[in-house]
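There are two complexes below, and they share subunit A, which is joined by subunit B in the first and by subunit C in the second.
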Partner chain A sequence: MEQSLILKQLSEAVAGGFNACDRMENGQLYMLVNGVPTLNKDWTIATVDILVSVPNTYPVGGLDAFYVDSALMLHNGQKHSRVQPAPNILGKSWGVVSWHYNKPWSFSDTFLTHIYHCQDFLRKGSRSN
Partner chain B sequence: MDKVIEQEFRGIGKIIESLDMEEGLPEEILKISEQEILGLKIPFKVNILPNDEFKVIVINLSDSVKEVMNIIAQEFHQKLLPPEPEQPLDQLFYYDRHNNIMGPIVDLAAPIWRVITQHHARLKLSLKLSLSIQVNANWKIAPKEEMTPRAILQLFDLDAAQYSLYHLDGSEPLPIDTLVKLHRGERFVALKDGKYGDK
Partner chain C sequence: MIIRTSEIVWTQIDQILNRSFNQNKTLEWGIIGIVEKLCDEVLLIREVFPPTSQDLNQSEGGLVFLSPYIRRAQLYAQRQGKSGLTFFHTHPLADDHVSFSIFDDAQEPLLMKNLQEVWPGSEHISIVVGKNSHKGRVYLKGKQVQDLMKLYVIGRTIKVFSLLGNSAQVPMPSHIFDRAKEVTSAGALQILKDMKIAIIGAGGTGCLMVELLRRAGCGSLVLIDDDIVEDTNLNRLLFASSTDVEDKNKKVSVALRGNDQCALGNKLEIIDGNVTSSTVLHKLNGIDLLIGCIDKDYPRYVLNDFAVKYFVPYVDLGTEIGIAGNKLQTLDARVTYVYPGGPCLNCRGLIDHERIRLEGLEPQERRRHIGLGYCQDIDIKQPAVMELNMRATSFAALFIRHLVQPFLDQSGEMDFRESVTSMTFKKISFKKQELRCEICGYKKQ
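Coming up: the complex of A and B.
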């Protein structure tokens, strides 16, 4: 894993307006992004924390899927059907979102583009149930 | 002749009561040391292209080209793009002795004094604001005022077969071959479509 690349891409994400930082737990690197706008009124909250697992092989091995704060709920009182329970990470309860890329990860993809990709799930709201 | 009354120049021990901005720096100033020149403030005629209207502002000769660009932009209630810490895509031009517009000035870190003396330039500068747009983390100058999302992605070296383009806060992807009217500072998001389930 290229540490300088990680820092550069985190800086880009911050410059893009996201409160992103790196966190490590049990030898696994994560990108934590606090307060990502949910962009859809289907959700009960306007912003949500997301967590992305960064593989040791990054950037050859790309990012995929993400965790979302377990507080994320739809206005119908239910959780999104694609958000499944996940173990506690960084002392916090998460749901894992089974949201993947239609096209393979490439070198033009970055932490910032992955946040946008995750936000695309949020933007769809309940539509994708 | 443009006159600036009681413009005091530190280092040459006198007050220059008039300065012709259609000429270069006066001989009195060119004779003094670089260190003394860097302490001077000089009136310049400035504008933003393609506007013909010039304003007179006082610029510190030690200011870098980039600082001068910022000062001119602020004078006209504009901001350089992209924002700090990136280098602006906007451009600064100077005028030679025959009033031909020259440039753009490439070395944005150089003091404006050096540019003026090296090129025997008039005390006259023009700022050109570029049609800068952002896709994800990158900024580029749009070559046209209207472009299709496909062309915008191509401009940013992104494959339209892989990425969809959204306005920053847009809820739907922009139709790939429909022209989009571009505005300076407009921000877009290019993302790969997602899908549910197994990889």
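Coming up: the complex of A and C.
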């Protein structure tokens, strides 16, 4: 994993308007993005923190799935069916979102494009299946 | 110092130069190649710049590369960030012995000096070609001139040309190899003896490859692995004992001990490391043949990428024991050959990018992702037995003999699989339909 690439892509995400930073726990690198707009009134909160695990084989091994703050709920009081409970990471409780790509990860994908991909899930609200 | 090129490039060179030996036997021919310096020991010729009818002055007195031709090639190579040019020219009357002429010795240094002045830091090669001989030298930075040793042409087979001006003089091989000379003649044996072969992975297949290659006469082996011997390895790790498990010995150290015991005269260099580290990968720069004996996709990706980029022939092997429920379904052994111009492991579908992602996650994180149910469990230790490993390595070693002295049917791509459960052995045709491979650029015809 190239540290310079990680830093470059984090900077791009920040330049794209996201509060993104890198965090490490038990040898695993994560990208933490605070306050991502949820973009859909189905959710009870307007912004949410998301967390993405970055493989040490990145960028050949791409990004997939993500964690959301466990506070993310639908207005009907339910958790989204794609969000499953996850253990604490970085001292915080998360739900893991099973939200995958239809196409293989390519070298044109970046941290920023993955945040957009995660945001697609949020934008669809209760309709994201 | 050696030169490496691909069969495709060599064919282009050969088509021009052969005119001296097949057509007008007094006319000299020449062609310029583009040089890339891989390391202090290896220069690559990745492409050539064929001459047009106005690019060469061919008189009875000798051949002159005209300056517009040289300048075009130089500007092209400079723009591409290459390190220099190669000038091939023929001596039509030379056969088994060729050397630079008085004219070459007088004019060539002036040309090279001029090139190095207009292109600072560049290094250039000159190769004179006889009917059955080649001689080469390189003009290094700092005006130093060095003789070149060999030219490796990598394709469906490996051809090696001496650049010392003579047809290769082959010494009498040791009696150790008397019983193998029908499969590997003295000439082919000399190639194996001189080649530096790296085996990546010292586990179940890697330890057997070392054994087979030293007994095939390979003179210089490099073995790379960072694992220690575990008790579950003892069913298939040659020379390993329970003491190695207790002492937490490295697999490469066990292989080195075995090699020393055999005392067959070959050299085995061990590297305690992983090819996914750039420091270790850098050590492969001077390697003539790569053999992948690994069971993970990320190092396989790294090796495949390296082989494609630097025209290094790469033999990848693997075994798989397939279980469904509690029942044994398949016992497969595979050997795949990657060479410049052919499909690589990626476009053959032998590298799984989802596995590479999972291999890169820490165990706890990996289990969470596997728990999402979208991917196979790569935490499970794959079943492995020595007998199946022997089938893959045995064929790979025979295939390596074939590379230097062909005897196999060379139609189709070089991908072989044996299914032990169905008792079949076949060449696998290239199946995956892709527009163009993003790694090797291969496109199915």
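Everything that follows uses one rule, which is that the second predicted complex is superposed on the first by the 128 of 129 C-alpha atoms of A that agree within 3 Å, B and C clash if a C-alpha of one lies under 4 Å from a C-alpha of the other, contacts with A are read in each partner's own complex, and residues count from 1 in each chain.
The criterion applied here is as follows: contacts are C-beta pairs under 8 Å (C-beta built on N, C-alpha and C of every residue); 3 or more make two chains touch, one makes a residue touch a chain.
Predicted model, so just to flag it, every value in this text is computed and none were measured.
Visitor: Considering only the touch criterion stated at the top, classify A:Y58 as touching first (subunit B), second (subunit C), both, or neither.
Guide: second
Visitor: Examine A:Y101 and indicate which partner it touches, taking first as subunit B and second as subunit C; both and neither are also allowed.
Guide: Once the two structures are laid over each other on A, A:Y101 reaches subunit B alone.
Visitor: What is the contact status of A:Q84 with respect to subunit B (first) and subunit C (second): first, second, both, or neither?
Guide: The answer is second: A:Q84 touches subunit C but not subunit B.
Visitor: State whether A:D109 touches subunit B only (first), subunit C only (second), both chains, or neither.
Guide: first
Visitor: Between subunit B (first) and subunit C (second), which does A:A15 come into contact with in this model arrangement: first, second, both, or neither?
Guide: So A:A15 only meets subunit B here.
Visitor: Go through subunit A and flag every residue that touches subunit B in one model and subunit C in the other.
Guide: Common to the two interfaces on subunit A: residues 64, 98, 100, 106.
Visitor: Where on subunit B is subunit A touching in the complex?
Guide: 136-137, 157-159, 161-162, 169, 171, 189-199
Visitor: Which residues, counting only subunit C, touch subunit A once they are in their complex?
Guide: 276, 298, 301, 353, 356-362, 364-365, 368-369, 371-374, 438
Visitor: Of all residues in subunit A, which touch subunit C in the complex?
Guide: 1, 26-28, 53, 55-58, 60-65, 84, 86-87, 96, 98, 100, 104-107
Visitor: What part of subunit A is in contact with subunit B in the complex they form?
Guide: Touch residues, subunit A against subunit B: 12-13, 15-16, 39-40, 64, 82, 98-103, 106, 108-110, 112-113, 116-117, 120-121, 123, 128.
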